[in-house]
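Going by the order they are written in, the chains are A, B, C and D; count residues from 1 in each one.
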Amino acid sequence: MARLHVPIRLRWSDLDAYGHVNNVEMLRLLEEARIQAFWASDEVTDEDAVGSSTAVLDSSPGADTLSFMARQEIEYLVPIPYTRQPLDIQMWFGRLGGASLEICYVVCSPIGVEPFVEYARAATTIVLVDAKTQRPRRIGDRERAAWTPFLDEPLTFIKR
Amino acid sequence: MARLHVPIRLRWSDLDAYGHVNNVEMLRLLEEARIQAFWASDEVTDEDAVGSSTAVLDSSPGADTLSFMARQEIEYLVPIPYTRQPLDIQMWFGRLGGASLEICYVVCSPIGVEPFVEYARAATTIVLVDAKTQRPRRIGDRERAAWTPFLDEPLTFIKR
Amino acid sequence: MARLHVPIRLRWSDLDAYGHVNNVEMLRLLEEARIQAFWASDEVTDEDAVGSSTAVLDSSPGADTLSFMARQEIEYLVPIPYTRQPLDIQMWFGRLGGASLEICYVVCSPIGVEPFVEYARAATTIVLVDAKTQRPRRIGDRERAAWTPFLDEPLTFIKR
Amino acid sequence: MARLHVPIRLRWSDLDAYGHVNNVEMLRLLEEARIQAFWASDEVTDEDAVGSSTAVLDSSPGADTLSFMARQEIEYLVPIPYTRQPLDIQMWFGRLGGASLEICYVVCSPIGVEPFVEYARAATTIVLVDAKTQRPRRIGDRERAAWTPFLDEPLTFIKR
């Protein structure tokens, strides 16, 4: 099963007054993972960059393509305490459709830290939109080729 | 159909670089709506408070009960532009279980503003946890009595 | 002494793991107060709007003018607990220069709540920039007329 | 001049609707830099950790010491665009008093990226507070020894 492993660091401000990572902020971590894994960048790639082969989507403001978030679903399994080690966000595609795609995530404890904990699982559906026409546009050949190696069964949710 | 209407104001910082309310921040708006509608408060209620009859849950830090977020699901229908009028977040219970409950939301344009827009629909499942034992505790009689008038069919999702 | 009184509601997420309003979030509250007090809006003003006479600056994205933040200074006097009543942010101009202006703030407990507490004092310097030329542009006659009634002595800082 | 260099990554959500790092979020970056540089951690230090010699303050929730933020001052020099490389936040102590200390910051472009840009300069004053008595407590010998190598002239502000 080919999965991307995106290391995402917490910020102390991700904690809320309960002392755990806030449930809303967890979707912020997914947003960061998505950007690191799939957005193209002109910048010289630094050592710990991930997903260089999958980072082919130019979706920044001003670009030709907009990523429109269509839906999100997340299950919280274990509260996340503050840690300085980057969480290991495992990602794959649960579906590559015509103009839309589903990204699956499992939020895990930092690599190398024992015991292993699965904190959350989530899925988001994104529609690619042409910035000029504001209409959905098909996933391109280059994008599909880059992403297909990480296409797998959709995530199974436990609590739905 | 009995629904709570919770007015939630945007902050300018809810917008992201695309100029719309960020998809993660939209869950922040739901969090605020939930707190205003269901958390008890010792404070004198001001004029525009909502849900005074349903605000019976003492879930603040240090209280006897913790609200543990178990899952969230959200569908984004129309991007939300910046507006100064408070959004109208319509809420009801889709389920009142033993220790858990499902809250349903429809995020709508400000009351009185034309045309009416349904921006998003969402559902969250919350488990009540005893702060001391850290174990789920049953919904109490007073809570159930306060919330039952807003119990209705669960939200129908379009894009699942 | 003519001061604007801008009511700003906390969000629960403004608290950090210490259980008080986070020191960074306090500047977010100032940002909101500034926008409510000085940014023009096409929307019908709702009842509790403030600063309608001073809200003459069209500084939204896409507008002719950008507000460039040049500096901020803030003193934290008392930690802010969670409250549902809107804080009373008192504001005035400490200086109206050619293209720049200084806004002064005193963050106070909600109006009508005893005892009165002064939580923080702050000042920010803003430069008006022409969006096309990206160069500073002078404060206009209409803006100066609207803002001069709230021009007063600059804030005195205690801890500098 | 001994300065700490703390690498701080942006999140895409640090940008606001203007497409630059929001002026409030910049203080969030300073918060992160401060925590990485000065807070003690039980965790095994990962490779790119900084300030291991200065990270001696146990100021997490539940710890004996609270860090109370007394004041902050920041000058914004150049807007920060989105970048994936971590910014280089240079830090030192401008003053080590009895119970309070001043931290100085210069927010710079990522190390190795040309041209070098100084985006902002800032200073914050922090008071160490005993968690039990809630009163200021003196900087300890171990803390002073760890921090003195990075004691230097306070930052000079340009726009005050």
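The criterion applied here is as follows: a residue touches a chain if its C-beta (ideal position, glycine included) is under 8 Å from a C-beta of that chain, and two chains touch if they have at least 3 such contacts.
From a predicted model like this one, the values you see are computed outputs, not experimental measurements.
A centroid comparison over C-alpha atoms places D as the chain most distant from subunit B. Pairs B-C and A-C differ in how many C-beta pairs touch across them, and the larger number is found at B-C.
Annotation: 29 Å between the Cα-based centres of subunit B and subunit C.
Separation between the centroids of subunit A and subunit C, computed from CA atoms only, is 36 Å. Counting partner chains per residue, subunit D shows two or more touched chains at residues 12-13, 17, 19, 24, 28, 31, 60-61, 82. Those residues of subunit B that touch subunit C in the complex are listed here as 9, 11-13, 19, 28, 31-32, 35-36, 41, 43-44, 46, 48-49, 60-61, 82-85. Of all residues in subunit D, only 12-13, 15-17, 19, 22, 24, 82 touch subunit B in the complex they form. Remark: subunit B residues 17-18, 23-25, 27-28, 31, 60-61, 66, 68-76, 79, 125, 157, 159-160 touch subunit A in the complex.
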